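Next up: the structures, one after another.
What follows is a pair of complexes built around subunit A, which joins subunit B in one and subunit C in the other.
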Partner chain A sequence: MTARGTQITNKISAPAGATRDWRRMAVDYNAWILIVLLAAIGSIVTPIFFTVGNLTNILEQSSIIGVLALGQYLIILTGGIDLSVGSMMALTAMVGAIVMPTGSLLAVLAAIAVGGVLGTISGLVVAHGRLPAFITTFGMMAIARGLALSAHNGGAVNISMTSRFAQIGKGTFPILIWVVAIAVVYIFLHRMRTGAYVYAVGGNIEAARVSGVSSGGVVVLVYAISGVCAGVAGLILLARSGVALPTYGNGYELQTIAAVIVGGTNIMGGEGKLSGAVIGVIFMTMLSNILDLVGANPFWSFCVIGVVLWMAIMLRSGLDRARLDRG
Partner chain B sequence: MTVPPAVAPNAPLLLKAVGLTKRFAGTVALEDVSFDLRPGEVHCLVGENGAGKSTLIKILTAAHRQDSGQIFVNGEDVSQTSVRARRDIGISVIYQDLNLIPKLTVAQNIFLGHEPRTNRGTLDKKRMYRDAQKLIDDLGISFPARSRVDDLGISLQQLTATARALSLNGKILIMDEPSAVLVGNELETLFSVVRRLKEQGIGVIYISHRLEEVFHIGDRVSVLRDGKYVGTNDVADITTPELVQMMVGRDLGELHQQGQPVPADAPEVLRVEGVTRGRVLDDVSFTLHAGEVLGIAGLVGAGRTELARVIMGLDKRASGTITYLGKPLNIRGPAQAVARGLSLVPEDRRADGLVQVLSVRDNAALCVVGRSSRAGFVRFHAMYERVAELCREMSVKVADVRDPVSSLSGGNQQKVVLAKCLATDCRVLILDEPTVGIDVGAKREIYALIDALKQRGIGIIVISAELPEILALSDRILVMAAGRMTAELDPKITAQEEILRLAIPPMLELAGTAGDDR
Partner chain C sequence: MIQVLDIKGQDRAVQAPRLRSWGSKYAIWVTLAVLIVAAEIVSKGVFLQGQNVLNILAQNSVAGTLAVGQTLVVLTAGIDLSLGSITALASMVVLLMQAQGSMVSRLAGIGVALACGLVNGLLVTKGRVPPFVATLGMMQVALGLAYVVSNGYPIYEDQHASLLFGLDKVGPVPLIIALWVLVAIIAWVVARRTSYGAYIYATGGNERAARVSGIRTDRAKLFVYVFAGLCAGVAAIIWINRLGYSAPNIGDSLTLGSIAPVFVGGTSPFGGVGGVANTLGGVLIMGILINVMVLVGINVNIQQAVEGVIILAVVYMFIRQQRAR
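And now, the complex of A and B:
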C-alpha cells in the first residue's frame, strides 16, 4: 500500500513528444519493413518472383489463412488466443458441403452459423466460465475436429464444381472476399463502439470494467467473429477445391497466430494494427512462395520458416526496446 | 536537512545512508534523506502514503539507483553496488506480498536459488530440511519445514519469508508493513519473532501504518513526509500526538481553502443502508447529498475501497440496500453503474484506472464511447473534441492528446482518470486515494477540481488515508475501522489525532482487517 505511490511514478517512460520519432515509426510499421525486405530478397533470388502472376498467386494463397487470421487478430487483441480456427474451418466446410444439395445460399448460411455458434460458445466459456482462452479453444479445437469427422463418418464430401457456389473459389474472387472481410473488421474496430472496447479490454480489462465497459460481451463477440471467419474461410476452401475434407486446416491455428504476431500485434493484447495482421499473412505466404520458387527442399523449408519467424519477432522486440530505452 | 540525533555515537552502525535523493520524471520521490541502523535495533519508518518509504527501501536494496547520496554497510561504501551485492552483504526485504511460491514446501522456499548441494553436485535434501527447520525453530515458533506454503496461514508464511531472509545471511532486515496482513494474535507472533531477531543482533527496519506498533516494538522511529526527512527520535522520548504531528504536520491553509458549505436543502443522491460483504464490510450505512464532499477515513484494510467497489457493482454485497437518486440501485455490474451516473476514480491508477497502452484521449473517452454512438457507430470527432476540451479544462500537461497515457506524470495521469469520469456527467463521484503518489502542485490542482465539481452539484466521496486531505476537502467525515463505520465527524471541529484514534482498531480486535485495502 505504501509502495503504490512511488511505483506509479517509476514507470513513467519517455517524455511526451519524444514518442513519434523514427523508432516509434519503425515499431508501428514493422510489418511493412519486414515485407519490403522479404520482397527485395525474393526479387533478387528469383526473377519470377516479382511478376503480376506470382504476386496475385501469393494473394490468392493468402486469402483463406487471411480470413482466419482476422478473427485470430481480434481475439489476440483482447488478450486471448484461438486454437480452434483450423478445425472450425474443416467443420464449416463439411457442413457447407453436406447442406449444398439443398441449396447454395442455405449452405453458406449454415456454414457461417455453425462457425458463429461454436465461436460464441468458446467466448462464453472464456468470459463467464473463467477458463483460460488457451484451454477453452484447445477443447474447441478437438470438439470441432470431432464434429467434422463424424459429419460424414470421417469421409470427404464432394460438391459439384459447375454450381454457382463453386464460382466464388475461382480466380481472384477469394481475394475479393478477403478484402471485404478486412473492410468489415476495419469498420468494426475503428468505427464501432464495441470495436473501440476491444483495445481497452486487451490493454487493461480491470480499467475497462471500472469504466463501465461490459468486458464479457466484448470477449464473447470477438470469439463469435472468429467463428464466422472460420465459416467464410471454410466456404472459400470448399469452393476452391470442390471437396470438403474433415482434416482440413491442420496447423492453421499456429499459422494464423504466427501471422498476427509477425504483423506486430502484442501477444498480451491491447496493441496491434489490422494492416499488420494482413501483411503478416502475406509475409508468411510470400516466404513459402520464395522457398518454392528457388526449389528449396520442402522439408527444410519448415526450418527456414521457423528461423525467419524468430528473426522477424526479434527485430520487432529489438526496435521496441530501442524505443523504450530512450525514455 | 536535520541530522539524525546520534543516540549512541560510539555504537557501530550496521547501515548508514546519507543525503539520498531520487527523482522520477519530474517528481521528487526522495529528497536528501538520511537514515541509519544499529545492530540489534528495531528502527521504525513511518510516513503517509507517498512519503517516500518505498523509494527509500528500493534504494537500500539497489532496486532503484539514487540520483545522489551514499550508503554504507558496516562502514563500507556500497552506494553503487548491485541488487545481488546488497543481498550478499546482508540486506533483505520481506515485502507485504511475501514473494513465496505457494506450491513448494517451506524449506524449498527458504532455500530457493541457494539450495544446499552434496559433494556430487546434487540437491542435498536432507541438509536443506534440517537447516530450514533450524532456521524456523530459531525464530521461536515451531512448524514443520516440510509443510507446503499454501497450507500455512499468512502468519506462518511470513515466518517462512523471514527465515528465507535469514538463510541469505541477512543482517539488515527490512519489513514492509508486516502487520497489515495479520489478524489477532498473529501480531503477537510477529512481535516475538522481531524480538528474537534483535537478540541475534540483526537490525530491523520496521515499516508500519499503525503507530501503536511503533511504540510496542520499536527502539527508534524516523519520519518521512513528502519525500523529505522529518526527524528521528528514540521511541521512549516521543508521544503518539508528537509522532502524528511529525507525520502530517504541514500547513493545510497553504494546500487548500475549504469550498462553499452544502446548502441545507441539497437533495440526497446516495443512501447506503446496512451494506455487508463477508468480513470486509459490516453493516455500513451513510448518505450523500448533491454538492457534498463526504470524506471516508480509515487505515489500510478498514474496508474503504471495498465499500467503493460494492457501490460501483464491481463486487457483490451480501446484504443491505443502496438508493440512488431516490430509487433502489440494483445493478448487475459496473457497466450499469457508469450508465446510471456513478463514477469511480480507483485507488490504483495503473492497475484499475488507465489502459496504459492507449492514448490520452482514448482513455479519457473510455466511459463515453457508448453514449457517443449512434446505432453502434461511434461519432469519434465529437467524442474526441469533448474529451480534448475536458483535458484542456483540467490542464492535463500533454503535447498531443494522441500521445500514450503512459508518457504522462502521475498527477497528469490522475487528471486523465478524472476527465474520464467527468465525461460521463456523473451525479456521484467516488475518489479512492485521489492524490497517492502525486506531487504537491498537482495535488492542489486536484483539490481545486474537486471543489469545482462540488459547485456543480455532484455528490463526491473522497477516500483517503491522508488526514489533512480528508480534513481540508470534506463537508463531513466518516471513519471506518475493520469494516465498520465507527464515527461521523465535522471536519471544522475535529483534530487529526481524533480521526486517527477512531481509525485504529483496538489491537486485540484486529480480526477482520485481513488483506490489503481492496
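And now, the complex of A and C:
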C-alpha cells in the first residue's frame, strides 16, 4: 500500500514539479520578463527608443509616479489600497506653492506635513474605524481634491523658478530623490522589525494580531508613509513645473496601482517585491513613451493603462490558481 | 426566493432590540425631515417653494440616476468607480451621432454604456478581479475613449433634442425628473419584487452561503454591473437634455456623486442591506446640503471635501452600529 502510494505521488509530482517551477518563476520575475519584452518591442518599432537620452527621459518621467508608487506598494502589501495619492499630491503641491514665499525649507516641511497628517488620518480610519480601505481613501481623495481646489479659489499658484527650490526639479535630481526613497523603503522593509510586520499584516491580519504584532500601528504607519510620499512627489512636480495646479494627479491612483500590480505584488496583500514596484513604474512609463514615439493619439494611453491593469491582475490570479491546482 | 429575505429579516429582529432597529431603519428619513425643516428656516421660506424643489430634483437627476445603478452594485458588496466615465463616454457618443436622429444616437449611447457595464461584470465574475480594481480600470478606459472620440473637445447639441415627442416638461415638471424616477422604480421592482433581486441581496449578504444554497451569484453580479451601465447611458441622455452639451471630463465629479448618496442612504458597504429607496433619500440629503451650502454662500470648491467627510462619517457610524449588535 505504502509503496503504491509513493509511486502515485511520484508520478504526479514529477511532471507537475517542472511546470510549478516555471510558473513560480513567471510569478517571481514577471515584471522583469515584461519589461525586457517591452524594451525589445520598443527597440524594434523605433530607433529613438534605445538611446541614452530617451532612457534617461523615461527614468525622469518615472520619478514622480515612482515615489507615489512606493507608498501605494506598502499599502497594498498590508491588503489595503490608496485611491487618494493623486489628489493628495495636488494638495501638497498647492500647499508648497502657497507657503513658498515665506521660505523654501518651510514650504517643503509644510507639504510633507500635510501629506503625512492626511495619510495618518486615512490610516487611523482604516485601522481603528475598520472602514474598508477603498472607501476610506475614496473619501480622502474627495477631501484632498476639495481642499486643493479651495486652497487658491480653484486657481493655480506660480512659484519663482529662480529660487533654490526650483533646482531640485532640474535634470536628474528627481531620479536621485526617487532612488533615495527606494533605499529608505528597502531599509524599512528588510532591516527593521516593523517592516517584516507589513508582510505579516497583509498575509493574515488575524494571525499577525494573535502573534502580538500591533497590526493597527503598522497600518497607520503605511498610510502615513504614503501621505509623505505624496508630499515628496508633489514637491518634485512643483519644482519641475514651477506651478501648482489643483487638478494635478488626476488618474495617478490608477497608474500607481497598475505599476505595483504589474510589478508582481498580490492585490490581496502579503506578497510582492520592492524591486517589482520599481520595475512596474518604469514599465508603465516605457509603455506610454513607446506610444508617444510611434505617434499614437496620447489619449489612447489612458485606455492602455486600464487594460494593462486588468491583464496584469488576471494573469497573476490565473498563475496563482494554476499553482494551487497543481501544487 | 423571497423566503431568503424573510429569514434574514427575522434574524435581525431577534438579534437587535426593537427600538434600535426602528431607529436605524428610519434614521435616514428622520434626517431628511430635519434637514428640510432646517433648510426652510435658514432660507427664510424660499427652500420649499415649488420651483426650488424642482430645481434641486433636476440638478440631481444625473447623479441620482447613477446612484440607483450604484445601489444594486453595492448591494452585492461591490463598487463601481467607472459610472462617471461611462456617462461621459456615452454622452460623447450620443452627441457625435446626433445627425442620425435622437432615437438612433441615444440607443447608440446606451449600447456603449451597456457594453462597458458588461465588461465590468465579466471582469468581476469571470476574471475574478476585485470590483474596485476592475471598475477603476474601466474608469480610465472609458475616460480615454471619451477623449479619443471627441479629441478632447466639448460637443454641443446642433439642435435641441426633446426628451419625449417634442416635450421636455409636463406642466412645470421637467421630464428628466420623471425619467430618473422611472429608472429608480424599475430598480426597486427588480430588487424587491423579483427573484433576481433576492439573489442580489443574498449575494451581498453572504456570498458563500448563497452559492452553496444554489444561487448563481455570478449571474446576480453580472446583472448589477450591466444595469449600472444602463443607468450611466440614461444619465448621459439626461445630462445632454439638461445642459445641451457634454465634455469628456464630466465624469470626475459624477463618480463621487454616484457613490455618496448610496452610503449616506444607509446601504451597507459590505452588501446585502439597504436599497433603492434609501438611496433616493441619500440623493435628497446630499442635494439639499449642497443647495443650502450655495444659499448660505459657502465656496463651491470645498463641496467635494464636504462630500468626502460625509461619506466617511456615515460609513463609520454604520459600521459602529453593526459592531454594537
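Side notes on the structure shown:
Heads up, the rule we're going with is that the second predicted complex is superposed on the first by the 276 of 327 C-alpha atoms of A that agree within 3 Å, B and C clash if a C-alpha of one lies under 4 Å from a C-alpha of the other, contacts with A are read in each partner's own complex, and residues count from 1 in each chain.
By definition in this document, a residue touches a chain if its C-beta (ideal position, glycine included) is under 8 Å from a C-beta of that chain, and two chains touch if they have at least 3 such contacts.
All of these numbers come straight from a predicted model, not from anything done at the bench.
With both structures placed on the common chain, the touch criterion links A:Y73 to neither subunit B nor subunit C. Residue contacts after overlaying the shared chain place A:G146 against subunit C, while subunit B stays out of touching range. Looking at the shared chain after the overlay, A:Y248 reaches neither subunit B nor subunit C.
Of the two partner chains placed by superposition, A:F283 touches none, neither subunit B nor subunit C.
Once chain A of one complex is fitted onto chain A of the other, the partner contacts of A:N204 are limited to subunit B, with no touch recorded for subunit C. Contacts of A:G212 after superposition on the shared chain: subunit B is touched, whereas subunit C is not.
Interface residues of subunit C facing subunit A in the complex, by the touch rule stated above, are 79, 81, 123, 127-130, 132-134, 136-141, 143-145, 147-148, 151-152, 252, 256, 259, 263, 269-270, 299, 301-309, 311-312, 315-316, 319, 323.
Only residues 81, 83, 125, 129-132, 134-136, 138-147, 149-150, 153-154, 250-251, 253-254, 257-258, 261, 267, 297, 299-307, 309-310, 313-314, 317 of subunit A touch subunit C when the two sit together in their complex. Taken together, the subunit B residues at the contact with subunit A in this complex read 24-25, 27, 29, 47, 49-55, 58, 64, 96, 176-177, 180, 207, 209, 300, 312, 314, 333-339, 344, 346-358, 362, 366-367, 369-370, 373, 376-378, 380, 397-400, 403-404, 406-410, 413, 420, 424, 433, 436-438, 516-517.
Of all the residues in subunit A, the ones that touch subunit B in their complex are 1-17, 19, 191-194, 196-197, 199-200, 203-204, 206-214, 266, 270-271.
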